[in-house]
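Here come two complexes built around chain A, the first alongside chain B, the second alongside chain C.
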Partner chain A sequence: MSVVSEELSLKGVVKELLSYKSAILGLIILAGLIVLSIYAILFTPFAESGALWNDQQVWLKYPRTAAPEWTNIFSGKKLPKNVYVNMSKPVNISKEGTRIKRTYISEFSFNYDDTPSEVIFFFNASYEKLRPKISILWIRPDGENLSLGEYKIRKGGTSIYLSNNLRLISDLQETIEERLGKKVNKSLTLEDILFRDFRTGDVMKGTYTVRLDVLVKNETDRVEWQGIVYGKVYGLAGTDDKRRPLHLGLLWGAPIALAFGLVASLSITFIQLIISAISGYYGGKVDSVIQRLTEIYMILPFLPMLVLVQLLYGMNLWRLLLLLIVLSIFGTSVKTYRVWVMQLKSYPYVEAAKAYGASNMRIIFLYILPRLIPPTIPSLVLAVPGYVFLEAALAFLGLSDVNIVTWGRIVEEAFSEGALYKGYYHWVLMPSLMLVITAISFALIGIALDRIVNPKLKEM
Partner chain B sequence: MKVPPVVKVLVKRALILFVIVLIATYITILVANVGGYIDDLKKKEIEFQVAQAVQNNPQYKDLSPVEKTALIKKLAQVEIKRQGLDQPFIIRSFRYLWDAITLDLGRAEKMTSDSGSRSVRVIILERLPQTILLFTTATVINFFIGLFGGLSLSRKFGSFLDRLVIYLSPTSAIPGWFYGIFLIMIFYTWLHVLPPGGLVDYPPPPDPVGYVLSVLKHMILPLLSWIVSNFFIGIYSNRTFFLLYSTEDYVEVAKAKGLPPGQIERRYILRPALPPIITQFAFAVVFSWSGAIITETVFNWPGLGLAYYQAINLVDVPVIVGITVVFGYLIAATVFILEILYGLVDPRIKAGLGEAL
Partner chain C sequence: MALLEVNDLVMYYRTRKGTVKAVDHVSFEIEKGETLAIVGESGCGKSSLSRAIIRLLPRNVEVYEGKVFLNGTNIMELSEEQFRKEIRWRKISMVFQGALNALNPVLKVGEQVAEPLIIHMGMDKKEAIREAREMIKQVGIAEAFVDRYPFELSGGMRQRIVIAMALITDPDLVILDEPTSALDVITQANVMNLLKRLKKERDLTYIFITHDIALASELADKMATMYAGQVIELADSESYFGKPLHPYTQKLLGSVPTLREDKEITSIPGTPPNLLNPPVGCRFRPRCDQAMEICEEEPPMFSLDGEHRVKCWLYRGEE
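Up next, the complex of A and B:
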């Protein structure tokens, strides 16, 4: 089967490609991914993405393992989003002993079908001598008042995590039991206490009020605060257990996945082509050395070698790419391409070039290689998903580059944090979806290209 | 005595393969040793052995700890010199090669086998059967699905089923381990019908029948993940392959002669297609060894791949190098079996014309 005989123009290939519905779908997905990548590079802090992703402080104000917002449509339940309780001007300033007391009152409305995931108050204080003291009072829509305790604030930022304050929670539960006049049989969470009707157990909708008293020593002591009632849904893709919004990770992973897959596939195919051209064209000793090398390469365990080197020399995506290329240049495709070169070598136009004295390099690079490129394009495109998933596979083995965010790394983190067992499906599904649509888009285009450049397949 | 040509060819191929394995293993050793890891390992191992010998020797039991440490250091130096670790790397690298070839893979730094041994060889031999069981089964099932699916589809060329398979073939761009994640999600997290991973239930059933059934139950998801991943592309590529063969002139002649379709398929399509099919199978097996690492990690399947993953997490270099070498052997063994099969099915090799390939 002589594959190289077909003359193909780029324009013709594109025109024919557009006659395949599946290829159009693939091209649309690919175009979408490219747009996403450009957006990620131009409009988000892509250069610092790795550092940002690893910095837990950056994401404090996002909910933990929140599902994507659109899941509300399917669950039929309106899960809460983040609600911010912001500081306004103090409603009252009074003296209490030698201290100054500032009272703040903030209201927020809460109209969701489920309790929030967490309640945290953030403080930022600057003071001279004595640490400011704050006390929080929670007033529910049904008029129930709950004291959330008194706290001393340190200089700089202080966060008060109410949801894991077990002492506070058991105190509050006792308060409720006193008011109800009976025991509550299960241990309640802070969110249950703050947001549920004690009798019916339903989530209370309406206006909640937070009263915050700040006691400071000096007039110049300043305390800024914000309360966050964390939601259970966030954004387009939800968040992970370190509160990182996944849509950013997916966005930042797109250019890396595309670049890695395309660069790997392109460079491996072209280097293999050059090697096979040299092997097939020169023949003799050069040929047999190259053929023996491909046999050695076949025995080299590919993935273990990659893992070994990554492990011993530290993980780095671009080193992985280089290594991947080095470990693939004498791959089995060299044998296939070499046969094509040997066919081409005997073509009249090559003979003619030889006759007028063209150099060997000129013949290889200008007369043989250009003819070999069209038939290799389908396999080049079809190989891209393999490389994208290879990165994911290495990430899955714990060998991911910590300086960048990749889809594989997000899937690995989800899997190792037990997202599958804890029911955080979005955390696995969203990055997986990106990997899958990337793979499918290249496969759709590649299979269509295969039928175009191998006309024998087209009839079938 | 006259040696049949097929044996001659096979012996020759075996020798060439052996040389190739030697070179591949040597490359592995070079790669692993550039960071000086193997040297450090060997020295550590010697120090450990010497320390053990000194501790257990009643002759030295009255020495103070300081004297003991000094003695251990001195004896270790002697031993390092005796083993030639002070020699240049080039000379030593061949010694390591010899160790690897003779499967003298050294001691693990942190990992132990299930029987408690620290020997890398024992660890590997304990894990190897599970890997071969799972992935050879997966490859064989995939091979036959592709073969028979492709064959039957090539008869129904152009039908709805045919087009469906073509349209669904891009799903195979997703690797098996990745499908594994979804299968766990569906069959374990959601439906609770199959275990998410492992080899047998815990505690293992005491009777052999129960044990085998339990292992089979644990094999379903990993096998399924590979079958799903390969299903459509396997059938699609085989179908195309058979269609290409069925357009050959001699098939037309056979049809013109009025031979029954079954006979045409067996004699004129399958028979000449056999060598490439076998190659395809061998490559699938070779590929499965590499795929084992990640799939076993997803399914927590206690094979060589999982051992590799655990060794990575513990940075246990002797185990990593050992398994890399063993993977090389497995691939070489597969290629050799391929050569034998070729010898059986390809008349040119039977006739001693193996060089023509």
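Up next, the complex of A and C:
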């Protein structure tokens, strides 16, 4: 690459860039990522994203390890989404001994090809003396009534996880076996019992009814409730094993990935340019020192050093970025840029500038660096995904910032939970897809820019 | 007192093959408002002389000494930083050979012309560009070009911009280093007319370095011939062109066709000497048809008829 006689204006470059279809595609993807980032920052609680992500209570109402909704198109089966069984006005209020009994009846329709993943009832109670008592009755479309037990609830929030209540499940299985008059050979799950036809084993579609009786002591005692029949698909990107919706993670990861990649690439390139300009322009001892330093840096193993420092100090993402910059400023590019500077400094206009008394700094920053920038832009753009991947790689090694959601971290969590082994492909694929799309976008733009700025490639 | 007095200026380069004596004990002086034209073949040290005066030294300089008085002060004694701040462009400016490359391709010409003002006068950018606009108008370029980049201008326009840049700080002395050598004849004439007009209007002092004797005669009040790093003849234009004394000057003038008289064009035999090891004694001796035995010794500068100086043994005893 040479720096000779490139009279490129920004407008000209943009115009020429738009004549490459690949570059347009790259720009569209990049624009999409930027829009996502802006959306994430402005319209989601981005500032608290790390804390939210680490807080398990926030995500209770999302299904666990649900696939993205659009997977239904490929599987041909209509997998269930979340169905909410909401409290309505009590249909009946009666006295039962000294207690007041409120009866609620809620209906929901279930028209999916598979059983849901979980059933949980949430309660929120406020009372004076005695704990309210509730009992749940499940009425299926085929008329079967199943009692889901009686529970006493505490003040504040109570969640009743029906799906892992083993005693309830075995009781229900016994009930079914009694009604069928024969043994069921395998052990059923709660979802099988609640949603499958006992004889055929098919998932029953239709209207389900939940009857909930609440016994309270006083008129003023309040019990609010909601039942959730958890689905097996959720949103655009599914959820992970801690019920966190991945689309939020991907959304929050976008601005961080872009910022990390761009800041790393920009600052490293510009610092390298300045260092090589000083090295090439002043020559002599300054040059020797900078070049020897560069050679030492070239030998130092970059990733192991980064890993080591991160392992010892466990820095946050932006300190990590700083460390990355410090470890990269004497990179191999310093050698390339220095040669360009040496070529440029012998130009007559630089000599003329010296003659009319321009200071060395002025010559470096106003006469030499502006001419180096155009040829470095393509490599700058091409380097961005490299740094995004580097962050992902560190996250994958468990070395990234635990207080920030990044794509790499999502992949790492998926991997450590054995997502691929358990078949939760979306959990690994969605963040990987984002990483790959980002890389493709920058690569398409960078390659087109390289062709424009370095026209030799065009002839090949 | 002369505006500029150069005394025994020496500049040698160090190369792998040896020392190049590019400027070898050169002395001359210029009065205010005068134009001194220095002529000579390629490689005789003309450009090195101009660079030595403005102290634009190449990295491999070996010897750089002598005295250069500007308005009576010896500017050779100034430190590099003082020289940069006080002399370059404030007192002495320069128009470079090949203006095509002397402009920063990433600066607009207005900014380019304003650069010396920003650097030396501490002006802010806006004010400097306003001044530059005036100057650009004075060198005959439409104001619309102020916001153009150098590559959008023709060669003649670029040369005018370089001249504007040399004059913007109102220096005492302007060194013109082959200002027209890369231009076609018409543009050359235009630039020469511009230089003449500016000289008259602003009472400028020029050192005009060229290999084109005809061009030099248009502008010069004083002429100097340089040969192998030395000034060998120095006289006012009238006696220089009317009665050249040094055999080399005679032959040089003889090689230029003139309109007024019908004369045989002659050529100079041989090639210019190698500055790595120039001939002992008179450096023109190997090519001179009037060479004598004494020429093997270095001739001193003889002064004839008052101000006509020549470095040739032929004029021994005629002082």
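Please note the rule applied: the second predicted complex is superposed on the first by the 456 of 460 C-alpha atoms of A that agree within 3 Å, B and C clash if a C-alpha of one lies under 4 Å from a C-alpha of the other, contacts with A are read in each partner's own complex, and residues count from 1 in each chain.
Keep in mind that, in the parts below, a contact is a pair of C-beta atoms (placed from the backbone, for glycine too) under 8 Å apart; a residue touches a chain by one contact, two chains touch by 3 or more.
As the structure is a prediction and not an experimental result, all values here were calculated from the model.
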Combined model on chain A where chain B meets chain C, clash or fit: fit
Partner chain in contact with A:Lys354 - chain B first, chain C second, else both or neither: second
Degrees between the directions from chain A toward chain B and toward chain C, using C-alpha centres, nearest 10: 60
Partner chain in contact with A:Ile28 - chain B first, chain C second, else both or neither: neither
Partner chain in contact with A:Tyr367 - chain B first, chain C second, else both or neither: second
Partner chain in contact with A:Phe442 - chain B first, chain C second, else both or neither: first
Partner chain in contact with A:Tyr313 - chain B first, chain C second, else both or neither: first
Chain B versus chain C - smallest C-alpha distance in the overlay, whole Å: 15
Overlap of chain C and chain B interfaces on chain A (superposed complexes): none
In the complex, chain A residues that touch chain C: 7, 283, 347-349, 351-359, 362, 366-367, 370-371
Interface residues, chain B side, partner chain A - complex: 16-17, 20-21, 23-24, 27-28, 31-32, 34-35, 37, 157, 166-167, 169-175, 177-178, 181-182, 184-185, 188-189, 196, 240, 243-244, 283, 286, 289-291, 293-294, 297-298, 308-309, 312-313, 315, 317, 320-321, 323-324, 327-328, 331-332, 335
Footprint of chain B on chain A - complex, ascending: 1, 22, 26, 292, 295-296, 298-305, 307-309, 311-313, 332, 382, 385-386, 389, 392-393, 396-399, 411, 415, 420-421, 423, 425, 428, 432, 435-436, 439-440, 442-444, 447, 456-457, 460
Chain C to chain A touching residues, read off their complex: 54, 56, 59, 84-85, 88-90, 93-94, 96-98, 101-107, 115-116, 119-120, 149, 151, 162, 165
